[in-house]
Amino acid sequence: MSDSQAAVPHHDGLHNPALLHHFATEEQQRDSASFGMWIFLATEVMFFGGLFCAYLIYRRWYFGDFAAASKSINAALGATNTAVLICSSLTVVLAIWAAQTARRGLMILMLVLTMLFGVAFLGIKGIEYKDKFEEHHVPGVSFSFDHQQIPGHPDQYANPQHAQIFFALYFIMTGLHALHMVVGLGIFTWLLWMAWKGRFTPHYHTPLEIGGLYWHFVDIVWIYLFPLLYLIDRHP
Amino acid sequence: MFDNFPLWPQRASSMAGNVDALFIFLLIVSGLMTLLIFTAIIYFAARYRYRKGVPAEQIEGSIPLELSWSLIPLGVFMVIFAWGAVVYFKGRTPPRDSTEVYVVAKQWMWKLEHAEGQREINELHVPVGRDVKLIMTSQDVIHSFFVPAFRMKQDVLPGRYTVAWFHATKPGTYHLFCAEYCGTQHSGMIGSIVVMEPAQYEAWMSGGTGGPLSATGEKIFAELGCVTCHRSDTQGRGPNLQGVFGKPVQLEDGRMLTADENYVRESILDPGAKVVKGFKPVMPTFQGLVSEEQLNALVAYVKSQSQPGAGVAKANAAVTAPEGAPGKGNQVQ
Amino acid sequence: MATATVPSVERENYLNKHYGVESWLLTTDHKRIALLYLISITFFFFIGGFFALLIRLELLTPASDLVQADTYNKLFTMHGQVMVFFFLIPSIPAVLGNFLIPLMIGAKDLAFPRVNLLSWYLYIIGGIMMVHCMLTGGVDTGWTFYTPFSTAFSNTKVIEAGLAIFVAGFSSILTGLNFVVTIHRMRAPGLTWSRLPLFVWAHYATSIIQILGTPVVAITLVLVVAERSLHLGIFDPKLGGDPLLFQHLFWFYSHPAVYIMILPSMGVVTEIIACFSRKRIFGYSFVALSSIAIAVFGFLVWAHHMFVAGISVYAALIFSLLSYSVAVPSAVKVFNWTATLYKGSIRYDAPMLYAFGFLGLFTMGGLTGLFLAALGVDVHVTDTYFVIAHFHYIMVGGALMGYLGGMHFWWPKISGKLYPEGWARLAALIVFIGFNLTFFPQFILGYLGMPRRYADYSHMPEFQILNVFSTAGSTVLGVGYLLPMIYFLWSMRYGKPAPDNPWNAAGLEWKTPSPPTTYNFEEEPVVTWEAYNYDEIDKGHKEEVHVVG
């Protein structure tokens, strides 16, 4: 992570221990760290962008098959996960606010809550994956998607090959997203440890801010993934 | 000496002259630009070489100069672009009444099948002075059909048809290369195009085959039972295929498209993808049941059903030459 | 070469401050990391060069007699992958950019020194994976990994090569990220954007491409690896996928990647030309902005690699048009460099000879690009040796000439030693001649129709004479590349100590000692002058004698 050097204090006793030797001022250091994270997120947008591009092309080509495949995913679990992630973003913001207003206890509580939401998200995701595995919807040799009706076309079955492309994209996209969540949990474990040690003050809490930026980004990716993967051609 | 050391490729198609003309224009333009830049660099480097006591003269820049050396090249580039686009469009648009050859590429050979039924491997015989349209597909990876003497190249993709055409102007034997890397024996995937005088070509064609491709297609059409649904009246469960090819089709979801080779192909392999309006998606897929060659024959048959006066008998003769085109006389069977 | 007073006692500098393997492998000093990169990319350069030499030797005769076709296919694949991903892309940015950007902008280091070290480690991990892949059988897909060949047909180590490049890609991303933040946030007081050396501008543009392009090829390689191992169907037409989608995604990065290779080289050449003609760069802002224009337009032209791949004629039309738009800023640069020479005071030291070489070869490479962007001609010459010649003129003629020029120009600063000038000029000449002898015949071969990636042309003996020229040239070129490595190594031990500013060049990097100290500047410099203020510098150094020739 681009914020990692902020972790190591230099105890030369002359200035703020968190200020690294090669920065002139704390402001320069803070600006650099958060700017670095924004640039990193631009990279991430392009990383997921390639997948979204593939998704959109195949969705246009094989709309009915995608809709049928999408229908087989548990949208209730997906919606729950969306809510969980939105709550976690809120707790991240509250943690930063707590740091700014010197409420260490609240900050720690909020960080713990954020991580709990994160773990809950991954747990629910795991249930979804397990269901898909049992239904033989995981692409590969044992994949099977026979006789699944295309929504709105009762006499038409989805082409299993095209549905397999949907599930391939589903697993790669949500899998990469989950991987980002795991990395996020790692970052937050470290932030929690820093908070516990009392490193964050109203004056200095850059790691918290840019760790939060990352977390929000991962949430936003989900905000796009959820409707695109779970809600194709669904009607109440 | 120049037999073994050519500096210019043979020119044997109607496109070759067009491409060469643009290429020569580009050579002149870039030659002049190179000359201009190199002369300036060499002259400045010599004229303004370091001399003791003669300092460099500082020049900030010049907007008029910047504009002129951006806009003038841009203008030249646009001429090249437009010229290139015209040549490209000509090379990409097969004339209407071309002779058709179906090409199936595989690691590492070319299988060529004339609409009249002749089959060849790594060798294609064509008459001089006639438009030949290639309808190409691959059985495995991406290949590319490249005939340098015709200045023609088109990638051949698995799972779909790509189309190319040429009009040979000079009898002779020319290289056919695979130009898209396709595996171990890529450099062995070569062949030749034999361009013959019409009379010779007639003689070659009369060598005898199992009949035209569309007739083969008709046989397969019957064997696979297609004919039970695609009847020649309006009572079938599938659309009547007479007169469909090359015409616009309205799909069940409201889209319109033209029934071309790729559409016929897709409808055989993935019938549910684009169902014609008014029909139910009841047709089973034939993916894995028909080979690329059989598919080509089926496509040729469906095409023959749209030739003018497409009776079953007449269709065979009319495959390559609709509306009394000059090609018709060449159907020696 | 200019002379100046040289300190007799060795000062403390970044090279001698610490000793030991650990002080190098755990360093966060951008200058030491640059040297780590220098050693590692040189290693890969010679591996890639060795493959190239074998390719040329095989093509000396029409039959595939030196190596079998399958070996030949692996050779050109790994030549491409090693040279592109493990040499050219990191070459100038990771070595010269890493070393010089903080010095040029008056910073003590890059913004994220540890991330910088992490980049090198990622590069090395990727590199080790690549070497392992080569040693255990290699890969034969062509560096382009075209599907479905790579995903369903090749039975070589595609997954391992893909993952190696994936990892190395993140090294490139992090380098770009570090540069952008550093250039934005770490400039010395007074060093405004319009006073930045054009080298820095070029690297800024490069970094944008690295940040926005590399992740796309990374995800594409993930898809290839997933597809190959699980047969998902994303790129396989047999399973409903689209092989052209792969080509779009691949070239979306791999075309801009060409600019990752050439833009830094343009930056180097700009510095050299200004210094050795003792002049302000003609049209500074046009040269600066053309770098950005190249980076931006570079993202809009990828499908010009696919004119015969089966894309629609209208798409081809648009991409051809846009390709010409990226040619304009390149032309603007060439004209501005040429105009900078006008009324200069030009000396022909080795770096300048490399810069002249760059100008010549880049001009020819650029102009032949016009041929390839012209739709009608591209149909004939794409996938032939014409393309090979064209991109080698850009990426070897251009990028590598710039790299070598830069290495000579800044070698005194990097090593604290002077290289032997006579040998360096000789090497520049040999490289230029060897290069043209190797690659010019390939333009003719390409127009004649010789397809690329052919192990065997025994049915086309008419191609042999030109291939013999090319192979002969490649041995000359090989000598030309070996020479600098030998005399650079020699100079580290036996070279004369370099003065702080041997060229009397402008730029903050020359205000530091040679070699610089670990933190570059004792005090934060304040910049009050424009870039390339050679008039002021030369006024101050009137009394100095320049030895020419």
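A few comments on the model shown:
Each chain gets a letter, A, B and C, in the order it is written, and its residues are counted from 1.
To be clear about the criterion, a contact is a pair of C-beta atoms (placed from the backbone, for glycine too) under 8 Å apart; a residue touches a chain by one contact, two chains touch by 3 or more.
Worth saying up front: this structure is predicted, and the values here are computed from it rather than measured.
Between A-C and A-B, more C-beta contact pairs join the chains of A-C. With centres computed as the average of Cα coordinates, no chain lies farther from chain B than A.
Note: centroid distance chain A to chain C, computed from Cα atoms, is 35 Å. Taking each chain's centre as the average of its CA atoms, chain A and chain B sit 47 Å apart.
For chain A, residues that reach two or more other chains under the stated contact definition are 62, 159. Residues of chain B in contact with two or more other chains: 270. Residue positions of chain C with contacts to 2 or more other chains are 240. Interface residues of chain C, counted against chain B in their complex, comprise 64, 69-70, 73, 140-142, 146, 148-149, 152-154, 237-238, 240, 243-244, 277-280, 282-286, 307-310, 313, 316-317, 320-321, 324, 327-328, 331-332, 334-336, 338-339, 341-348, 356, 359-360, 363-364, 367-368, 370-371, 373-380, 382-384, 444, 447-449, 451-457, 459-462, 464-466, 534-535, 538, 546, 548. Across the complex, chain A is touched by residues 107-115, 173, 177-178, 180-182, 184-186, 211-216, 218-220, 222-223, 226-227, 230-234, 239-242, 245, 249, 252, 519, 524 of chain C. For chain A in complex with chain C, the touching residues are 2, 4-5, 21-24, 28, 31-32, 35-36, 39-40, 42-44, 46-51, 53-54, 57-58, 61-62, 139-140, 159, 161-162, 164-165, 168-169, 172, 176. Residues 62, 64, 153, 155-157, 159 of chain A are the ones touching chain B in the complex. Those residues of chain B lying in contact with chain C across their complex are 3-9, 18-19, 22-23, 26, 29-30, 33-34, 37-38, 40-41, 44-45, 48-52, 54-62, 65-66, 69-70, 73-74, 77-78, 80-81, 83-92, 107, 140-142, 144, 146, 148-149, 151-155, 157-160, 162, 175, 177-188, 190, 270.
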